[in-house]
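Shared between the two complexes below is subunit A, which pairs with subunit B and subunit C, respectively.
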Partner chain A sequence: MNENQEGFIPNPVLSGLVGICPLIAASKSLAEGIVYGLGTAVCALVLGAVSPVIRAKLPDRLRAPATLGLSAFLALSYGFALKAYSPAIAAGLWLYIPLLAVSGLSLSVLRRGSAKNRFRADGRSRQIDVAVEALLFLVTAAIVGGIRELVGLGTLCLPTGGSSPAVLTIADFPPLKTLVSPAGGFILLGFLVAGYRAILKASRRRSQ
Partner chain B sequence: MSYIGIIVTSAFAANALLTYGLGAVPDGEKGDSGSLVSALALALVDCIAAGLLWVIHRLFLAPLGLESLDIFFFAVLAVPILKFIARIAYSSRAAVLSRMGSRAEDLIVGSLVFGVALLSSKGGYSFPEALVAGASSGLGYWLAEFLLEALRERLELSDLPQAFKGAPAMLISAGLMALAFMGIDSAFVKGLAG
Partner chain C sequence: MIEATRDKMRENLIAGAAVGLLALALAFFALLEGSRSAAFEAAALRSSPASVVTEVNLPSGRAFKVADASGSGYGVVFSAASEDASAIFAAVFAPSGELRKLKIVGSCSSRLPESANEALDSIAGAHSALEQAKGIAMAAAEAE
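After this line comes the complex of A and B, so read on.
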């Protein structure tokens, strides 16, 4: 991993702090992290694919309301699908699923989608960047949720369907419940961002 | 709950930034976040957004049993109204109104305004209570932002390891501040203020 490498795409969360609001408060377990990360990734991918079409077909003043309406529709559809698949996880993410409509990753994808050129200077399609960023977001959300749940409660909750998701008890130690609170989310994210920076710096030094 | 209880709960015990993580954005992107103009803009935008979503939720969607569509109708109906109001304020001749309008325009499409509106409309409040809850959430967010800004100035002068400088130090500080805000228990506030 080297940021000077050609085509390197930085982690949107740990490098750009994009869409950290749900990771702080909502991703309290592995299942919630995966489910929220997947929702964000799907919304960003669809918006990334549709925004050039909206740009080409709609007049200037209608583009923003149309994309916001589409974004809200996607959030709503994902919410309904999640409620049908796992009501327990949907209940845990009650406030944050509707907020997929204005997730940081989707907004940053839309900002870039409004650029005239669909290809970067190196010839790569911007849609590939969106796909990689969406995947990185999903993985980061799962890691944040997993660490918070494992260290905070000693369990790992899997995103299985049904009324109650499967829970694995991993460790038998006094749990650090603070990590499951939003305060713990802020603190963990701070350490993860610092760790990511340290790794990037070390790899940059090694490549020199 | 009394109005004092709603104000204290929305601003402290259920702080939009430190309890719900709403509007947590990369540092250095907020402009004059600590100013009083920013506080007024936050309070007004959140108050109007909460009121609009309350009206949409209770008067239009609830009678039809379509409450779960609230975010869609908020995005397509309330956001254009909020943007229109912000644009009118921005084009005003009064400098304060113009700055408020500019700040409000930046805020409207974001998790803070959407989240506060959802919290206020789903909190079981009456219309005036939802307005007060929205405004106090905005002010609570501003307070947290203001305190973090003061901390940032101190952190910039302190001798931190390179990897922790900037955003990581701010996130950890925000976490510690959130722990302090967690101490303000909403049940205690309810008992105290009624």
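After this line comes the complex of A and C, so read on.
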């Protein structure tokens, strides 16, 4: 795979399979995918920015509780803000917003933040890696949610504010309802992973 | 030895201050969120239509004493979500627990039936959420 190439940042979901269970459970529609992906990205970005400071200022034994406390604070704050913005989307995401505190992406960012060197071997800051990974997670969550809703229900729910978000009806009937279920979500994810790997392989062959 | 003890005390102080600040910030957020969601629920019940009289806070949840054409009752706002839909309902119960009114006040699906009772049937777990709401309303009636 291309992961070892200089400057390449793999998609955390499609390549590393990071945080796929809550992603599939939470991203049942375009709006939920965007909102869940944004929450995960924001938590990972803040933790990625703060973890070098925590490493520099706090002694070893305080680092884990401090970062987990901050992570829980971020997840709960995001949950409160989401409830104020759109109670219906918050109701749909249910438990998965507080669970952002221990999302796979945040934990992988924290693991990387605990590295002594803030720069990679090629001289690039690890913060840039975190920002790209967070963006890729958000885009993947939106794609997964959008495809599931579009093919599963024939609608697209937009992440607009208020008590009822705007919903576009594309088809009058649900074309393939199975895709909205967790099993359908994992089947879709399998196809996306296969497609991602095929694209990587093709691009590697071209570059050789 | 003294230096080590001082370092440990400083560490504990930092940890205590950090946890205290996080707890204070969270309590502040929760306070704001509590008053905001109470205002949202009161507005949802007013649109049911019923005039909201007082808020009744219980350990199990929040109810509102409401008055409408059929007399006074207790209103509860609850949400339910399934794989393909999520909705927020406003329900008004008589003090005996009888469901007087049910209305959808927010939803995240175009496939949800317009009738609140049909929507309740189409969302898995919505009936148990309604039962919980009924329990809160009856507890509020007893507490009054």
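Simple rule for what comes next: the second predicted complex is superposed on the first by the 200 of 208 C-alpha atoms of A that agree within 3 Å, B and C clash if a C-alpha of one lies under 4 Å from a C-alpha of the other, contacts with A are read in each partner's own complex, and residues count from 1 in each chain.
The rule we apply is simple: contacts are C-beta pairs under 8 Å (C-beta built on N, C-alpha and C of every residue); 3 or more make two chains touch, one makes a residue touch a chain.
On a predicted model such as this, the values are computed, not experimentally measured, just so you know.
Student: Determine, for the superposed arrangement built on subunit A, whether subunit B and subunit C clash or fit.
Tutor: Here the two partners, once superposed via subunit A, fit next to each other without clashing.
Student: After the superposition on A, what does A:Phe186 contact: first (subunit B), second (subunit C), both or neither?
Tutor: Once the two structures are laid over each other on A, A:Phe186 reaches subunit B alone.
Student: Which of the two partners, first being subunit B and second being subunit C, lies in contact with A:Leu76: first, second, both, or neither?
Tutor: both
Student: Tell me which partner A:Ser103 touches in the superposition: subunit B (first), subunit C (second), both or neither.
Tutor: In the superposed model, A:Ser103 contacts subunit B only, not subunit C.
Student: Please indicate which partner A:Ser163 is in contact with in the superposed arrangement: first for subunit B, second for subunit C, both, or neither.
Tutor: second
Student: Looking at the overlay, what does A:Lys201 touch: subunit B (first), subunit C (second), both, or neither?
Tutor: first
Student: Figure out whether A:Ala44 sits in contact with subunit B (first) or subunit C (second), or with both, or with neither.
Tutor: Touch status of A:Ala44: no partner.
Student: Which partner does A:Ile34 reach: the first (subunit B), the second (subunit C), both, or neither?
Tutor: The answer is neither, since A:Ile34 touches no partner chain.
Student: Regarding the shared-chain residue A:Pro65, is it in contact with subunit B (first), subunit C (second), both, or neither?
Tutor: In the superposition, A:Pro65 touches subunit B and subunit C alike.
Student: Return first, second, both or neither, reflecting whether A:Ile24 touches subunit B, subunit C, both chains, or no partner chain.
Tutor: A:Ile24 sits against subunit B, while subunit C stays out of touch.
Student: Just to confirm the value: shortest Cα separation between subunit B and subunit C in the superposed three-chain model, in whole Å.
Tutor: Superposition on chain A places subunit B and subunit C at a least C-alpha distance of 5 Å.
Student: In the superposed view, which residues of subunit A touch subunit B and also subunit C?
Tutor: Touching subunit B in the first complex and subunit C in the second, residues 65, 69, 73, 76, 80, 181-182 of subunit A appear in both lists.
Student: Which residues of subunit C touch subunit A in their complex?
Tutor: The contact residues of subunit C facing subunit A are 7, 11, 14-15, 18-19, 22, 25-26, 29-30, 32-33, 36-37, 40, 44, 79-81, 83-84, 86-88, 105-111.
Student: Within the complex, which stretch of subunit A touches subunit B?
Tutor: Going through subunit A, the ones touching subunit B are 16-18, 20-26, 64-65, 68-69, 71-73, 75-76, 79-80, 95, 98-99, 101-104, 107, 178, 181-187, 189-191, 193-195, 197-198, 201.
Student: Residue numbers of subunit B touching subunit A in their complex, please.
Tutor: Residues in contact with subunit A: 18-27, 68-72, 74-76, 79-80, 109-111, 114-115, 118-119, 161-164, 167-172, 174-176, 178-179, 182.
Student: Please give the residue numbers of subunit A that touch subunit C in the complex, ascending.
Tutor: Subunit A reaches subunit C through residues 28-29, 31-32, 58-59, 61-62, 65-66, 69-70, 73, 76-77, 80, 83-84, 87-89, 91-92, 94, 152-153, 155, 157, 162-165, 167, 169, 174, 177, 180-182.
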